[in-house]
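Read the structure below first, then the notes.
Order of writing sets the labels: A, B and C. Residues in every chain begin at 1.
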């Protein structure tokens, strides 16, 4: 058990080194001189160019550059943003709660809805409900979410006026940041409840958009996984033991069906961040995704470099947690090395 | 083959998907003959003309015009060329490199295998759109770079599938037999084994189409994909955002096109998987 | 009255090729404390029969007619709650592949204990003691240390013992063993079968042993039924049937037993029954065995052949001896 645990942990290291290499190689791969790209016409002044080079850390040999980059990164120092001149790490962490809040809410509702839908569809196989779940999930995971977001905005914000078009909170509320999560901070603020309601209203459309694909995948996977498990011998055994239908499905079958579902939830974290890039752009949500897209547009290389590294680290860690969850729900994996 | 067709036909969704894909392919091929106008022609006297079901429509612009007075129907039809073209080249890219890396990883095992698979893990560890944004950031936004960016991101799925099939096939007797006759690496892996990986590869390629089209459209939407005035659906959506209130059809219609194409390829992919993959029971 | 009585059971499966009649007019009874064998090739309907007793047939199966009386009550007429009460406590079942029949997510203690919790409401240490006692009873060495093991850590024989422990936990009236040893090694087979015999004698339960192996059935049962293409073709005391098979199919099965070839003189090839089991979607006219039968008469294909009584407690679905008299 401990051995398996350690092994999984060690396997993460090469992936992280690889991600750091990619992040590092980025600036160096840009055709032409990144400094001249950045400075544009102003690049004429040699002193400015030299300063910029030193700042980006590209005035030294490659190996040394990488070493310095890695060492700094391990200390949490990812350099300064060219645009804002603030440390990348600081900028990252100041935006991260917004993305986490959005992604978390989306994931939670997509699981809360997708799991029961998948179970119902599997238990009422070939019924009208089953076909609707199949159809809706097909459309869901084929959905161009950037379009879906715009449609929701047109209908619910522009035409019906139910929800705000963008942002996390209306300007007239003043919520001092404590945790960075507005759902919490708003309750702690002076406006309290009304600020909270406002924050929730801002969350509705973005989280529907971001949760659409996870919901579709969740419902589909749950359905097919449960259907497969229901045909297994041990489910027949459970029935033959005289267990109630409820126990057979929810204890014996679902536990096994959860194994591929947990994998999917793990993979969905990556998909959520992908979706966050698009969703945050549509709703001007002040999170990591929009920040990175803006940085790409502004050619803010330290931000791209640092942001990619942080995100890769987060995703790898989530995958590690998923792997460990496996061990918990699926004893057979414990002995496999 | 007959059995495959029988199983495939059983799946109504797959047949619908195939039909849609064929119709789209025909539309894309015949675009110059189907379009009422040139996609780039600007009608200065007809800005934001609404489509036929809204008031103020004009008969010559069936689906209306955009903010520059270009015929939307013509642009959407030409857009199918761009999207299917991107899909095709993304699939070609990922299949070509995916097969090379997959066969090498599956045949050599050891450190070569580890190196390739670890690299794929890294590619998988990054959110796909972020990775393609980054590739575009390095290469600059354009049609070709969109294909490269999306192709690189889709690579791991093909490499994994090919490697898994190679590992499975190489244990079979026909491979051991041909090895015992002293067949070369090329003969064993490319001539004997690779054709047996066609089925999973075909399934993966179909999903590659839908993923590729979707990712390319997303890049276009972010302004980092195909650049205007080329009529790419994602880019068109992005341009139309400012007219969301005054000309909502400019937003709804291109997105609907993307959705239909992606649904069609996903249906086809599901059908192929059910018909070709004996391990997956028909559920 | 017998403990279990199956009366004119007809079961259909709906398949892609249309509705298939998999059980045709199956009737038999099981007495208290008796060991009954059900023998036939795969597809003969023996597993369907045993699952029907539980009313656990696949969802595409449909009971067209007939009833199964357990202590005089029709199983098909019971509510789901009543059926759940009977399953696992009064009638239990063990299956062909013990490795896949245990849930990989739960340990031995949980799976065996679950039956006791559900049916007898045992909890805590009394539950654990009873589980240990059961594991010891089915011959699992050092049962205390096995409580926390998971199915993948058990061998096939051990898994089947756990299955048996689960099945006998509530002292059932009937234990149905569906090919309990087919997936196991020969030496383990013997152990499992003798364990079943021992438990039956100790508890006085009835046993229905289902197998394709006539040898196994003959050695372990008092009475047997031979099934072919969803019909019972022969019934009788096991010793009688083995000594003097009346149906050509039983005769064929008997000849197929390894070791039996000596009866045929110096024959070194293991005999087989020519032909294959009929496709149930396109049943032959009259006797189902007729396409494969060495004794076939015109009368065999003219009309349905009935299961006729022959002497004491014997039945056969064949007209060979009616036409020719006893061989």
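In this text, a contact is a pair of C-beta atoms (placed from the backbone, for glycine too) under 8 Å apart; a residue touches a chain by one contact, two chains touch by 3 or more.
Since the structure is predicted, the reported quantities are computational estimates derived from the model, not experimental observations.
Undergrad: Relative to chain A, which chain has the most distant C-alpha mean position?
TA: Farthest from chain A by mean C-alpha position: C.
Undergrad: Highest contact-pair count belongs to which two chains?
TA: So the pair of chains linked by the most contacts is A-B.
Undergrad: Counting only Cα atoms for the centres, state how far chain A is from chain C in Å.
TA: For chain A versus chain C, the centre distance works out to 54 Å.
Undergrad: Just give me the whole-number Å value for how far the CA centre of chain A lies from that of chain B.
TA: Using C-alpha averages as centres, the distance is 23 Å.
Undergrad: Would you give the residues of chain A that are in contact with at least 2 other chains, written as numbers and ranges?
TA: Not one residue in chain A touches at least two other chains.
Undergrad: Of all residues in chain C, which touch chain A in the complex?
TA: Of all residues in chain C, those touching chain A are 54, 56, 80, 84-89, 92-93, 95, 97, 100-107, 114-115, 118-119, 150, 152-153, 163, 166.
Undergrad: For a test of understanding, state which residues of chain A touch chain C in their complex under the given definition.
TA: 232-234, 236-245, 247, 252, 255-256, 329-332, 335
Undergrad: Any idea which chain B residues touch chain A in the complex?
TA: Residues in contact with chain A: 13, 118-119, 121-122, 124-130, 133-134, 136-140, 210, 214, 217-218, 221-224, 234, 237, 241, 244-245, 248, 251-252, 254-256, 258-259, 262-263, 266-267, 270, 281, 283.
Undergrad: List the residues on chain A that touch chain B in their complex, please.
TA: Of all residues in chain A, those touching chain B are 14-15, 18-19, 22, 26, 29-31, 138-139, 141-144, 146-148, 150-151, 153-154, 158, 223-224, 227-228, 231, 270-271, 273-274, 277-278, 281, 292-293, 296-297, 299, 304, 308, 311-312, 315-316, 319.
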